[in-house]
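Scrolling down, you'll hit the structures one after another.
Below, chain A partners chain B and then partners chain C, in two separate complexes.
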Partner chain A sequence: MRSFKCDACGYENKEGTTICKKCGKPHDQAENSQLLNMRYDGTSIRSKTRNRSIIDKIWNFFSSVKVGVTLIAIALVASAIGTIYPQEMYIPQTVSPEAHYREQYGLMGQIYYQFGFHQLYGSWWYMVLIALIGMSIFIVSIDRGVPLYKALKYQNPKRHPNFLKRQKLFASYADYTKEDKKQLLSNLRKYRYKIIEKDGHFLAEKGRFSRWGPYVNHCGLIIFLIGTLLRFVPFMYIDDFVWVREGETKVIPSTEQTYYIENEEFIFETYGDDEEDQKFAEILAQQNAPIAKHFETSATIYRDISDDITGSEPELEEVKSGNIIVNQPLKINRLALYQDSYQLNEFQSMSFKLHESGDDAEESIVQFTVDLTNPSREYTFDNGFRIKLDQYYPDYELDDGEPRSKTNYPRNPGFVFFVYPPETEQPEISFLAIGHNIDPTQENDYKLGLTGFDVRDVSGLKIRKDLTLPILGVGAFIFMIGLIQGMYWQHRRIWLHPTDNKLWMAGHTNKNWFGLNKEIEKIIKHTNFTMPQDQEEKQHE
Partner chain B sequence: MNKVELGKQKKQIKKRRRLIFRTIIIMLLFAALIFAVVSNLSADEAAVDVGDEAPDFQLKHLNGSGEQTVRLSDFEGKGVMLNFWATYCEPCEREMPYMESLYSQYQDRGVEIVAVSVDATELVVHNFVEDYNLTFPVLHDKNSQVLDAYGIKPLPTSFFIDENGVVVERVLGELTLEKLEGYLQQIEPS
Partner chain C sequence: MTSLTDWSSSFLYASFIIYLIATVLFAATIKDKKREKQFTKLHVLALSTTIIGFISQLGYFVTRWIASGHIPVSNMFEFVTFFGMMLVLAFIILYAIYRIELLGLFALPIALLVIAYASMYPSELSPLVPSLKSHWLYIHVTTVALGEAILAVSFVAGIIYLIRQVDQSKSSAKTRWLEFIMYSLFATLAFIVVTTLFSALDYSVTFEHQPNDEVINLEYHLPPIFGPAGGEQVTENRMGALFDTPTWMHGAEAPRKWNTLVWSLLVGLIFYWIVRLILRKRVAASIQPFVNKANPELLDEVCYRSVAIGFPVFSLGGLIFASIWAQEAWNRYWGWDPKEVWALITFFFYAIFLHLRLSRGWHGEKSAWLAVVGFAIIMFNLIVVNLVLAGLHSYA
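Now for the complex of A and B:
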């Protein structure tokens, strides 16, 4: 590292220093009348020193405030682009994203999709951008914070005359008494300035800790970023979802098939059920559909205590039982199950009766119920009738004339029944679905009819575990402390410098000059000292 | 002179310390960056991936003789194609005949095909198996446990497992006959 000698005091300063560390003589070539740049108290910023190795070059890149601001600007623009069209997770799941963006937003949408902006916030380059900002913040903090700390810790109260003359607030007094000076120092102490003295030179200082505000703030930000990074660790963060039907027991995802949940009952209330809802009668009358007032899942959580292989019947032991309401999750081992959504009235079973085709009274010959969750193949009756469930479509639709099921769930069940009257081997075929009762041959002697059905509700539960929240909280808290520290306090310094027959005074603050001026007004009370001049204003005149 | 040299030495030490300090900080930061990007990219990936050992499981065999269960480990020493499917899934339906057409040929060469249905009811699976005359074992994952263990998202998803039980290939979505044959060749025991 190259260094240079201060021509006033002979101190070896590091390259890049603008104000001598020992005596405070400004080392720039500027005219004496120009105000001194007090940033980082004139110390050499670490990165500004000469560098050769690749590490130093990387360090310098990240420690540049220009680079940091550029990165933030790019991230800002990118984040804004991500909001032009909805992100992929918010578009309908039924169409392919490519088609959706093209159809909804035309050419622009297609370009948007091609560039991958539809999943911008999860893209690798966005992640890298945010990580680079984090790195920049970290390195800048070390690069600027450490020299500043050192410079402020080892301050020399005795400063070079040019240092004082080139401060924003400066005054030179010829007319003063010892008592005035004493009073001044006592006033400074009264306003909680810390005073150090060397050879009759004084430095009064307060609020230095406010200079650490930005660095404390950055520490908080880095802790916050680490917290968000830890969300990628499954142990720290789980975000999953499960649909559970009433009466059904299901494995809770992300628990490695350890925990199961049973939906005992889904409770759904709408406005208008209660007498007290009468006050809403007018507005309710204008609605087409009932408005949900309350929904709740009564659930039991089990643990599989068998150590059998995956897929074998679990041996369930009750762990916890309770009701899940919005914002009141059921918790096990920091895993919380939140009420998220619901589907009402999914078919659970359907009941049929058989009657003679010509019988207008539809007098029942046999009756049976099909359990849609686990339908039996055959239904036999004492009177010799036999009914075979040949085909079952839980969610029936016609696809090119072929019946098939759209989904796994009995939302629109369709059945093909083979009816075997007593002593016959030739069945009569009937097709039944909601709104359909088809006799393909038109020659059936017997007809099936729907007599009733049972429905059940499906509860959608969000599965959440977030151990990063305390880390995020601590990060945000430290961030706020740093912010307050830097915002509500100022670092104020006043130098007193005796010359042959005069006393010089200079003042500096890192912000809020108005406040410093006001304070000096109070400090010079009961003395002969006058207000120092604002040299910046003087220059403007 | 001695003093100057001492000063120089001090500076050298200081410089080296600074380099070490900066190297450590930069390495740590880059490690965090790589961790973030890698875990972000692998976040969507399944619980069982290429190179992993296929978790063992046991499920009800729907087209076997009588009440039977099948374990994946029953096929130790054989290559196994593990197909997750459902009757309502059209692409699954399209690839089933391909699997059936290659099954007997590859069974002789030590490759087994196992299809795990995630349908809710057994009845629909039975009907499907009859319609397509499927002869390879069709299992029923009634409680979705195996589905969860394998982290299946889209249907169909096929795993090609070698004779050592290691996943060689994981295919999301529909297979063509040529692709299927290629993957089956890959897991033929040597």
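Now for the complex of A and C:
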């Protein structure tokens, strides 16, 4: 690497240095009146000096702020495009996405779909974009961080006159006493400046740590981005779902059959039941349906402690019991159960009775109850009657005249019963569903009738494990620390430089010049020193 | 309870009037040309009036909180009002640091516009659905609003900077954009005036239309320039719609929203031209003499500092607290809901602002234009995303 000698002090500086590291003499040939560029105190930056190998070129690409800003701007525009129409996850599941976008949004929708904007944020190119930003942050932090560290670690209080004269704040004082100078230094200390001296030259400095703010926040961002990538590692992340009925005990999915959950009760409240809700009366009156106020599942979690033999009966031991409320998940062993959805009043059982077809009093001959989650196939009675459940449709509907079940949940049960009167082999057939009681042959001697039913609520629970959360949390925390550190503090420096018969003062801050000016106003109180000139303003005039 | 809600609206009304007075007082401090750079009694009066207005609005906030039993940031009216209040707070903070009266002369009218805009939305107390019942609602929404308000002060400083610095002697792209910003303010005012006027007249006309499979009755409170496409007028004795709403406006309520937008833009245009005819100059050019005394470097500094102060607050509230809450309520910290995406866009945008400024030397005018764009993004997220790109966060 080409280095060069400072013509003022003879120090051997690295290539690309613009301000001598030792004495501070600016190496550009600009006039003395021009303000000095104080970025990294003129220390050489890798990306500005090396551009030979392919690695240099890649390095320089990523450490360019122009490139970084462009990448962020592209991500910004892309993200905005993704909000023009709803993303795929927010459209109804019943139609194909292609048809949905075409029908709802016409040609524009079709184009949107064709370009893959309907799942933009999971697309490979969006992820590549974010990864490139991450890469850029990483490389730029090294590219600038190392020189900044070097510049701030080694600071010579004795600076070349050209360095001082070209600071934004500069003053030269002829009239001052020793007391003035003492007072000035004591004021600086009072405002918590750290002062170092060399041959009567002073450097007063405060808030240096704030210079690390951007690096700390970039570091937090990188940790955060790595955290989001880890989600793709299988054991780090579980996303599952289970419906549990009241009174039911079910295995919790994604736990390798070790954990079970029992839904003891599902509680559901709406607005308007309470005296207190009167204050919302106006809004409630405008709504067609009640507004949910609160819902929760009272649950018990069990662990299977039986020997691990497939097919053996589970042996359940209670682990925890509690309520799963929206915003208050129940946690077991890094797994969190969230109250997600519900199904109110699902049928649990239905009771029927048999009577003679012509009997207006409908006097019962036999009675029985069908458990809708686990129905018996046959019901026999002491008086010789036998009833077979030939077909059971939990969620009955007619599809082109054919009965079928829409789902496996007993939301609208339908039954085909075979009734065998005593000593007969030929059954009478009956079809029952809510609102239907059909005798296909019109010749039945006996008729079935619904006498009652039980309902219960079903709770929908999300099962989540996300081991990336702590990493994301740490990343976000570090990011905030860095942001606050860099934004709410500033790095201020004041140099005092005695010449033959004068005292020079120069000031620099990395931001908030207004604050520095105010502070200097206080620091020169009770002295004969006057406010330094803002040389930038002077140039404007 | 009713009395509490009454109190609450009286407080809000009072604060509106007090802010108006404070604006006039700040205007007076600028007229007061003799005593430059001094903190006179008039300044103290203007500032304390603002603070009294703020306290009165705080009174609105607290009484409404007690009345409804939850923090009043749960619908469009409440949130936008709160944003207006935070804008005043952000102004007070930055005024305390920089003592620029001009900031008050511009920030307070914008806060007034925001609060008046909020009151166009239904203001009944509304119940909270279970997913909103969380301490994070309080923490998240308040920090977001404060962060956005501080960022908005950079817009205020930026716009003053531009009015002062842009050369008004000839027409250019810059003067046209400045006029466009002025016009946007007029259009907001027009929205408020038109809505208030027709609601005072109790105007209403109903259409029946079929946006999807269902037939829906849609009630208009402004005369229908644009009616629903293929809609049938139900109310009699009212003027019918002049045009059909374009079909690319989707949703059951879209025709009404479109109609309101067109009304605001048209009447805004009329307001704007009346003012221009009276002034016989560009609006920004007429304001220019009033801001001449301002120090552009200081304005630039305020423009940057408010981003420097607001950016961390916004990041914390809009992204971090938001994610924590989303994780609790919906078991995913990020769901790419439009509102979330636009918070991310805001974040990206101000990150760009900071980098361009720090590393590429975008100071002064460029920086001021960026501050204007940033404010436009915030307003877009506040208004358009809520009303048009409906998602989980939609208040409407």
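We adopt the following convention: the second predicted complex is superposed on the first by the 441 of 541 C-alpha atoms of A that agree within 3 Å, B and C clash if a C-alpha of one lies under 4 Å from a C-alpha of the other, contacts with A are read in each partner's own complex, and residues count from 1 in each chain.
To be clear about the criterion, contacts are C-beta pairs under 8 Å (C-beta built on N, C-alpha and C of every residue); 3 or more make two chains touch, one makes a residue touch a chain.
As the structure is a prediction and not an experimental result, all values here were calculated from the model.
Contacts of A:127 after superposition on the shared chain: chain B is touched, whereas chain C is not.
Of the two partner chains placed by superposition, only chain B is touched by A:389; chain C is not. Touch criterion not met for A:95: it reaches neither chain B nor chain C.
Of the two partner chains placed around the shared chain by superposition, chain C is the only one that A:294 touches, whereas chain B remains out of contact.
When both complexes are overlaid on chain A, the residue A:329 reaches chain C alone and has no touch with chain B. Touch criterion met: A:340 reaches chain C, while chain B stays clear of it. When the two complexes are laid over each other on chain A, chain A has no residue in contact with both chain B and chain C. Only residues 65-66, 68-69, 72-73, 75-76, 79-80, 82-84, 86-87, 89-90, 104-106, 108, 121, 271, 276-280, 282-284, 291-295, 325-329, 336, 338, 340, 462, 464, 469, 472, 476, 479-480, 483-484, 487-488, 511-514, 536-537 of chain A touch chain C when the two sit together in their complex.
Across the complex, chain B is touched by residues 1, 46, 53, 55-56, 58-59, 122, 124, 127-128, 131-132, 134-135, 138-139, 142, 226, 229, 232-233, 249-251, 253, 256-257, 308-312, 314, 372-375, 377, 389-395, 404-409 of chain A. Across the complex, chain C meets chain A through its residues 1, 5, 67-69, 97-98, 124-127, 129-131, 133-134, 136, 247-248, 250, 297-298, 301, 304-305, 308-309, 311-312, 315-316, 319-320, 323, 327-331, 333, 335-338, 341-342, 344-345, 348-349, 351-352, 355-356, 359-360, 385, 389, 391. Against chain A, in their complex, chain B makes its touches with residues 11, 15, 18-19, 22-23, 25-26, 29-30, 32-33, 35-37, 39-41, 43, 55-59, 69, 71, 86-88, 118-124, 126-127, 141, 143-146, 148-149.
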